[in-house]
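The same subunit A turns up in both complexes below, where it pairs with subunit B and then with subunit C.
And now, the complex of A and B:
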């Protein structure tokens, strides 16, 4: 199974080297890959429908519990078949659609990369692996949306889509990590067993919100839906494949996958129902205000995704069954409509529904496909769309609480979607063919073949629902932990409420189709309220964020060392000061302190005077000399307190430093006071507060008992083990000998650096 | 005495920070040196100070019999002194070279030159 997933990646890698070959006619050969995979997944149907699951496990990062576990159950199988099946048709279609395109090879590369990522996503049993594939789909989608990279609109849409879905990806990772730590495993299969503990955990709401964040962004739920209409800038095969049939369903897949783990909770169900219903109604209304065929389809896709979320939110067995059927329904008719739109666009160079008329005369097969898809989308018997709609009504009717409200919402949505389907699938083909389209070329079979296959499948599955019922649909419901039991998919249910709702939908929708025609006037109406749409609000946020970050950079990253230092210091003083204020007790046992003697005071005074001089003198030489004095005073302090080695080292180093300073710096410019009075006061206050913090800290530490264990070990063993009597020396050259060796290396490197700088002779041109 | 030393170290830190915040490169280095000395003394003081008993085992003994100063802070400081000398000498030479090239030791002006090129 790993090979099945990697095949797409390998192929796209291969294209890097053999791109030229695939650019021409042989491009269609690449369609063999999804076809082979489709066949591969088909062979699992008997086993899956018998209730089995196929598990393949490969160890990846076992220490973090991240494995390449691939599980094929009913849910994965349905998605895999959709990905490879529709993938195959899209690959074929692309060969004709982008014939002789400069970057056809790239396109196939992105497309197969996407297909592989999508397969990985639906087959992963491990949350982390799932996240990796999830991100890969976002990235390949970015390349595909921005495929026409010379178009700025297209680039902008690609970035918007990447930003929104990428944000969702982060949310998924966070959710996966929290879920993993609460549930004790990253394996979805194992998490299902601990769903009770997860629901009881205080992090349940957080996990659900994070998972929702991922699913809603990917599946374009309100208010994150706006990237999807933008993504329609992509070539139509991409819109067909990614933005109607597969990628946008990844969020739906995630929600379905998580239903047995997180589902059946009040929060889960009501959030999904609310968000789903808002999305489906909002987007369905939007379809009325579009004249671009792809725009209409984009919003009707969003609406359909809303219906799916709504159904998953209901969580009942009937609702999940309806969702499973509706996924198939939607994939079939929406992909068809997109492909039809692509053909119209390709042949007539227009997607404007207000001018497209009578095209059946020039492209009859396309018109048939469009018609079949439109009636499936409308839910007119005997299509599979009718089945999907019936089930949706049925499960919604069974909702507890206020089914009337939900029924009304879903009815409105379905009516508007019927309208959208008719506008996209039927209206371009009926009526009088305008003169400008009379010379339209007939599309080839590679173009009209795929939509015909898909739309006919919609009818066949509708008439004989038995084909998919046991093999595909019921295993999906079973994978979500529900038993579809003896419910049967059938066209005729008898005269009941559901039937009357269906009739009402079809009648009202058809009336609507004949009364409301898409027009520029309607488009203008919606642009007027554009400023309160989520898209404008979020892009407003983005520009605010940009301004904020440039302001932030100007304040904190301004390139002046002293500002960095000050920032760090202010923060340190604030934080340490706060902690000290809260915890310090400022009590000291004076009896343990050593007494003060005159000579110590004299040395400390000398030292302080020297420091004062270094800071305030106007002469550089005086400053360097005072620094020498300061060093010698410290040297004396070391002598007083039993550190002869330190005193010697300090003495020699101090002398060397002063000599070096004098030798090197006497040629520098005058020692100026560059800062003004105000700055100096400000820095002085900062420096003094930091000094005070340090003093208080020292006193606090001195009040604590000291641990001498390690020192005693060294002292006791200095002679016994290392045969040295000077303990400090023994530590340096024996106990910690390798550290000292490193130190010598550092000094050697510094010496090489100094030597190099001294020897450096700059060319005249480098000097200023 | 510890309190006096603690205050002294605080002053050393303050002086070091103040010098680091100046615009002149030379002052920056002096500041780093002062700060380094302050840090050395800080470690020294926190290891507790002992008068007149260096951590050297008396001639004919094999282990200490009387009190001795803590050797670990001393070893640490010795390392620190030497390393900071490496840093200082490199920095001093670097200033000299930088001055030869850009003819200034004002950090702000160096910034400006950096942005021009």
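And now, the complex of A and C:
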């Protein structure tokens, strides 16, 4: 299974080297990867539907309980099949959609990276691993949204999406850590067993809020929804794949996965119901005020995600069944509508619903796909959409409390979604074909094939729900700890309230479709209240934050090294001095000190002379040289106190430092007295107080009892365990080898930094 | 600063200093020394050569940009840390060849780690100094 997950990463790595080959026509070969994976996951259906789960475990960082544990159960199987299945169609579609794009290979690289990350996300059983893959999906989404990186709008949307989903990622990490420490494990499977303890713990609310933070940002719930419409700047295959079918459902997945662990609590259920219902109604109303096809679809996607959150919040067996069905429904029809929109955009170069008409004459297969998807989204029988809607109504009717309110809200949402589906899937194809579109080229089969497959699947599953009932849907509910054994998916439920609600939805929705037409006037109406939208409020916060940080930068990062040094010193003196003032006892035991020897006096005298020389000399080179003298004097002190390793290192470092200084200073103009007396006195006071603080600190440290345990351990084991007699070196290369490795990495980074700063300066002509 | 004495001396000093730095590197496990100091000494040897003969001559002598030593050293250190994984031991476990080898003494993964440190230090120091000397 690890290979199945890593395949996408490996492929994107391969593209780095062989990208040229995948540009243009051969790009379609890459669609083989999701296809193979789809086949791979299909073979697990019998085992999963029989109630089994498949577990693969690889240890990663066992000492922290972080393992690559992958579990395939009903829930992850459904998502895996969606990711690879829709992934395959999107890969194929992309081959035609971005046929002549310069960076098609990069696109495939990001796309397969995303696919792998998403698979990892839904298959991980370990919270930390899940977090890693979660972040990877955010990052690949960032690259894909900003794919047209020459467009500033794209870049802005990409950053907004990354900021919002990244924020959610942090929240997920925090949630995972708290959950792990409360539940005693990072394994979701084990956490399910301790769900009672978790619910009883005082941290339950905190955990739930953190998990909500992750899920709501990723799944674009109110008030974090606004990154999703912005993300529509991405090429349409991306919108189809990431921002409607899979990635935005990662939040839904997380909530479903966490339902057995955190669910069935008052706080969990009511928060989800409230946030979900606000989102679904808010976004559904927004679809009325859009004329851009992708904008309409974006808001209807948010609304659909809201419905899912609402259903998960209900938490009953019927609601979870409805959610599982609705995930399939939505993936099928929304992906189709996006692909259809993409084709229209690709062929006519327009996405404006107010001018698109009669396109069935030039692209009949696309029109069929659009029509089928629209009726599925409307929930008209015999589509699977009808099933999804019936189940939603049914579970909402069974809600305790105020079902009337919820029914009203869900009814409004469904009606508006029907309207949105009709506008996006039907209205561009009916009516009179305007002259300007008469010469529209017919799309190829690579373009219209994928949406046809998806939309026909929506009908087939609707007519024969048995295909997916036992194999896909019920295992999902079972994975969430509920048993949906006695429920059956069927089109005909008899004359009951649910049916009347369905009829009402379809009738009112259709009437609405004929009365409210998308127009510029409606778009203007909504821009008038834009200033109170969450987006404007949050971007207001952002600009405030930007102002604050530039103010901060102007004060503290002013580019003068001397100011940096004095700022650092002032803070050190202040903080350390404060602590020392409160805790130090300023007593010294002179009796334990060893006697002062003659050569120590000599060295210290040299040191003092050198210090004064540095401060008062008028020649720069002389100052550097006497700094070198100070360094060497300190080396001698190290030698006296038997630290030959330190002395050697200090000696070499000092030599090199002096050389560096000389190299730089040799070319500088003559020494000038730049600072006046006041600054000099200020700096002198600063330096003296810093020196005194450090001295006091060292004396205090010496007064503390020394714990010899660690040094004794090293001294005893250096030869036994590491075959070395030089303890210092053994610590460096063996006991603390990882530290050394980090340190040399940092050194290398510093050197690259210096090289970059000095060598890669812009040429005069390139400078602005 | 180019004197004939320094120039002549540096021609002989360079190999001797380099040899000395390798000596320091190898003795590190038992006696004061090690990859870090050894690397610094080797870089000092090159810097001395550059002072006496000019930077461009030293660069031709080294043939490649010293910066390339950094990834090589990092890779060597990393691989010596990874090696124990092949024997199902945790990362960075010291591996030792059971018998001592003449001249070098007992051989272990720590030696390769130290050689990695040595190379990185040479690479870093020379890159920084050469870059600064070049641009100023």
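Quick notes
Keep this in mind: the second predicted complex is superposed on the first by the 552 of 768 C-alpha atoms of A that agree within 3 Å, B and C clash if a C-alpha of one lies under 4 Å from a C-alpha of the other, contacts with A are read in each partner's own complex, and residues count from 1 in each chain.
Simple rule for what comes next: a contact is a pair of C-beta atoms (placed from the backbone, for glycine too) under 8 Å apart; a residue touches a chain by one contact, two chains touch by 3 or more.
The shown structure was predicted, so the numbers you read here are calculated from the model rather than taken from an experiment.
Once chain A of one complex is fitted onto chain A of the other, the partner contacts of A:737 are limited to subunit C, with no touch recorded for subunit B.
Looking at the superposed arrangement, the partner reaching more residues of subunit A, out of subunit B and subunit C, is B. By the touch criterion defined above, A:687 reaches subunit B but does not reach subunit C.
Of the two partner chains, subunit C is the only one that A:655 touches; subunit B does not reach it.
In the superposed pair of complexes, A:551 makes contact with neither subunit B nor subunit C.
In the overlay built on the shared chain, the residue A:565 is in contact with subunit B alone; subunit C does not reach it. In the superposition on chain A, contact of A:200 is made with neither subunit B nor subunit C. In the superposed model, A:726 makes contact with both subunit B and subunit C.
Of the two partner chains placed by superposition, subunit B and subunit C are both touched by A:750. Residues 644-645, 649, 653, 656, 660, 664, 667, 725-726, 728, 732, 740, 747, 750-751, 754, 758 of subunit A contact both subunit B in one complex and subunit C in the other.
Subunit A makes touch with subunit B in their complex at residues 559-562, 565-566, 569, 588, 593-597, 600-601, 604, 607-608, 611-612, 614-615, 620, 623-624, 627, 630-631, 634, 637-638, 640-646, 649-650, 653, 656-657, 660-661, 664-665, 667-669, 671-672, 674-675, 683-684, 686-688, 690-692, 694-695, 698-699, 701-702, 706, 708, 710-711, 714-716, 718-720, 725-728, 731-732, 736, 739-740, 743, 746-747, 750-751, 753-754, 757-758, 760, 762, 766-768. On the subunit B side of its complex with subunit A, the touching residues are 1-24, 26-28, 30, 33-34, 37-38, 40-42, 44-59, 61-64, 68-72, 74-75, 77-79, 81-83, 85-90, 92-97, 99-108, 111, 113-115.
Those residues of subunit A that touch subunit C in the complex are listed here as 644-645, 648-649, 652-653, 655-656, 659-660, 663-664, 667, 721-726, 728-730, 732-734, 737-738, 740-741, 744-745, 747-748, 750-752, 754-755, 758-759. Across the complex, subunit C meets subunit A through its residues 24, 28-37, 40-41, 43-44, 47, 67, 70-71, 73-74, 77-78, 81, 91-92, 94, 96, 106, 108, 110, 113-114, 116-117, 120-121, 123-125, 127-129, 131-136.
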